[in-house]
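See the structures that follow.
Each of the next two complexes has subunit A plus one more chain, namely subunit B in the first and subunit C in the second.
Presenting the complex of A and B:
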């Protein structure tokens, strides 16, 4: 009963209260900001499955976000596919890439895995930038149609907000079920001690690949939403700095927590917009918020595990002589 | 008597109230939105734009071209990030006091923001966006920079006219670099020359030795360089170190005093174009350079000058659109009708059909560490 109440409260907030307030405030602007926050909430929630729940530090999430965005952009501009086809297909394509690219890195642990994913993200970015015949390279892809269903609704700020909000709710539901279940506990076991998990009969590599696939699926969908709602994408939108932004959102919100991931996105994207009136000093304030949050709230706002513990474990593995230096057989 | 005194005070205060009310009704404020990078990796350009725009605006408000109207520019920092650029575009579109928008700096952000302005029907004038598709987004996009479709063939014919028959092309791997290289190559081939190599370098590359080695092997008679000044000066230095003797032809993006400071003697002999000449003796350019230097302590360069002109073109369009009675639609039409605008970066007209600007280019060569104009 309590669960039903909290779920309906969440639905009411996202689908009625927030758009209602935004309409009263009067605007396209805050709708647009909320749309961007929605896209990054999906991204952060998905990255959270890899980093927060499974404990693999991924620094290449922006690359997968880019694959999804380009898949959507190309499918909708070249073949005229509508959004209800492009979004799931982009998700599936990204998940396939995620599995393919994750396979060779699965035996890497700790900081070595993080560096390998950093490399993956760069490979994807450089490919998008230099494969000019296919991606149009630095020219980017413009005139991507918005989220529209002929005869039912047309592309507008409100439509885009709802498209992103509903997708974010679906992502939150799926990722929530995945993490708060036996399966999620198995992933947590991998995070806490993968050798121990393996000795208990869990297929560690399988679990890692699956979490990568699920996360990449939603990263791809988020990319698709970004392409549809912005109308123009270029490789510059999917640089390493975006991966770091996603990681920062997770850390501020709290590793391993879905509401934390959303909160992180709200803070790191909403705060700079909210602080526009103070002009040149706004990024200093944002930096200070991040600094103090890691100083005083090492678990993040809602985290289930302190980020420093994860980092220490990751880095510790790098020079722990007993653990085969970065490899796990 | 006391009564009369009271009456007088009353009368005076009524008069005063009426006067101030009249003045405030008359003194209307209208605004231009300016989105530009004031933080992040391109902040140095955003600062130049803000300096120039403020200078142009203060001059305009003092000039009394629009009596009773104060024009204001609202600056917003986009960090050269498409996410923020799109947010700003929405913010400006929602703000009913804003009649038109200038910016953004790079093409990625300008293009993404342009999708919004096309939808909300706000005229957008970028001082620098050179993406070939930028003005094709909608009839609301304008720019105050020559596209490479004009500059490329001009440099190609210049090089060919100087007797160069074989050329190697080096350009940065972004939208601008690609169109610079392609337009030059097409122009050069049309003039009857051959292209030995086409090499792109990724943004952030500072080591050009492998490209230079490759070029050295195919022995072209000259090199075309499509780059910005930081990369360009590194390229020129490394070219000197590798002992390549070929002349380099470059675009106006290298017209920057810092380029000569960074490249040192390696810059000598470089051929390049520019729309703006800081040493010019033409009175309106000289007075701009003087005013800019007096206020900000440094001489303006091409990008700053482009922003100065963009702001003035926009202010001019607002006057033409009726000043206090201007609407967004009228400003767009007035902007489109801009013809022979006498700016510091040359006379500017917007083509009636394509809305592309047409600006004259000056040919320069670096001699003894100075830009010298050549025929």
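Presenting the complex of A and C:
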């Protein structure tokens, strides 16, 4: 019962309340802002699986985001594929790339893993920039069709909002089940002490690869959404600075916390929009918000431990709603 | 019947240092075996070799007649060897329940798809194993606490509970009584005894001689990486070689 209420409230908020408010405040532009926030929510939720839950600091997420975006752009402009094919296929392609590229880094830990993924992100960026025959290099790819279903709906800011919102809900559902279940405990064990986790029978390399695969899948889908909703992509969209932005959203919201990832995206992208009237000062405010939130809430605005308990209880992911811990047979 | 654990001529070198050298020994089914020796004798290293936590330099280890020398640590754990660590390795940010569920996850396997599909029977099995282990270790009351908030003594039990959730056949304890007071040590002895009575084989390292002598049926003594004695507590306490090894190390420490 509690679960039905929570799910209904979440769906109502994302599918009715938010678009309602956006329409009231003038539509168009605000829908585009919210679409960007949605794309970055997916990116941050997925990066959070690797960095927050499994504890591997990834600095190359924007690279995978880029692979997904280019896969979608090419599939839809060259072959005319519709969004419901490009998005999952781009996700799968990105996941495959992610696994291939990540395999050699699986033995690395801490800062070494971070630097290796930073290198991967740069390789991807430079490849997008220089493989002109395939990616059109710095000119980027334009005239990417929007999200349409002939006869049902056509591409518009509202359609794009709904496409991103529904995908974000799916991502939240999948990533939520992965991280709030017992499987999530296995991932967190890898983060807390990978050697000890192995001594307890956990296949640590397998878990790392799996979390990389799922995270890259959604990074690819987010890239696909970006391509469809903006209609134009270029390598500049997928630089190191985007990876850092994703990392900042994750840390401000709370490492390992799924709602935190969304909140981080909302704050770091929404705040500059709200503060547009104060001009360039707004980035100072954004910086200050980041600085002080980390200073006073180092575990993030929605820290992992309490959020796990609440989400497990509210969304029925705990195995016993009463104790919130597990079934007593 | 063949022994549950058979260690055959095992060695481990760290550069020029022979941490474990040509060690052979056994643990019979249902037996409680103690491993003692001065600091730096190589006891923890030997445990790491048995659990494939560190690779062997030479020799082989058999568990239940199966050569486990080339397996990975998680495979050894799944076969039924669970361990605790000398320097207490609980996961401080996870709840007590979640900590113990790690052992259950190790035993039952972990697939992202069972999480996605919300497999109820799998989840039930994990819960049941976790609760059983928590109850065995008397931690059911603290299940929802964050592990970091437990007392040191309770964290020791938590580590054992996590190992028990694997439903092991051999439990390896590295200095379980270290840092405990006399009362707590006595309670721990009773707890290990109870586990042993339930059929679990035990191999443990402990510096508290009283603890080892009363608990273990057989004791292996190690010094400078080698086994220097193997026998009942009675035999060991009267063995001149053992006395010399301990006195010798004390002299070195004094020097």
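Heads up, the rule we're going with is that the second predicted complex is superposed on the first by the 304 of 329 C-alpha atoms of A that agree within 3 Å, B and C clash if a C-alpha of one lies under 4 Å from a C-alpha of the other, contacts with A are read in each partner's own complex, and residues count from 1 in each chain.
Heads up, the rule we're going with is that contacts are C-beta pairs under 8 Å (C-beta built on N, C-alpha and C of every residue); 3 or more make two chains touch, one makes a residue touch a chain.
These numbers were taken from a predicted model, which means no experiment stands behind them.
> Using the touch definition from the top, say if A:130 reaches subunit B (first), subunit C (second), both or neither.
first
> May I ask you to decide whether A:174 touches subunit B, subunit C, both, or neither, giving the answer as first, second, both or neither?
Once the two structures are laid over each other on A, A:174 reaches subunit C alone.
> Using the superposition on chain A described above, determine whether A:264 touches subunit B (first), subunit C (second), both, or neither.
Neither partner.
> Using the touch definition from the top, say if A:231 reaches subunit B (first), subunit C (second), both or neither.
first
> In the superposed arrangement, does A:189 touch subunit B (first), subunit C (second), both or neither?
second
> Quick check for you: in the superposed arrangement, does A:214 touch first (subunit B), second (subunit C), both or neither?
In the superposition, A:214 touches subunit C alone.
> Looking at the overlay, does A:273 come into contact with subunit B only (first), subunit C only (second), both, or neither?
Only subunit B is touched by A:273; subunit C is not.
> For A:198, is the partner it touches subunit B (first), subunit C (second), both, or none of the two (neither)?
In the superposition, A:198 contacts subunit C only.
> If you stack the two complexes on chain A, which partner ends up touching A:140: first (subunit B), second (subunit C), both, or neither?
In the superposition, A:140 touches subunit B alone.
> Under the definition above, what is the set of subunit C residues touching subunit A in their complex?
Touching subunit A from subunit C are residues 51, 53, 72-74, 77-78, 82-83, 85, 89, 91-95, 97-98, 101-107, 110-112, 114-116, 118, 123-124, 126-128, 130-131, 143-144, 146, 162-163, 166.
> Quick one: in the complex, what on subunit A touches subunit C?
174, 177-178, 181-186, 188-189, 192-193, 195-204, 207, 210, 214, 304-305, 319-320, 323-329
> Please output the residues of subunit B touching subunit A within their complex, sorted ascending.
Answer in residue numbers: 38-39, 75-77, 79, 82-84, 86-87, 90-91, 93-94, 108, 111-112, 114-116, 120, 131-133, 137, 173-175, 177-178, 200, 202.
> For subunit A, which residues are in contact with subunit B within the complex?
Residues of subunit A touching subunit B: 26-29, 31-33, 36, 126, 129-130, 132, 137-140, 142-143, 157, 230-234, 236-237, 269, 272-273, 276, 279-280, 282-283.
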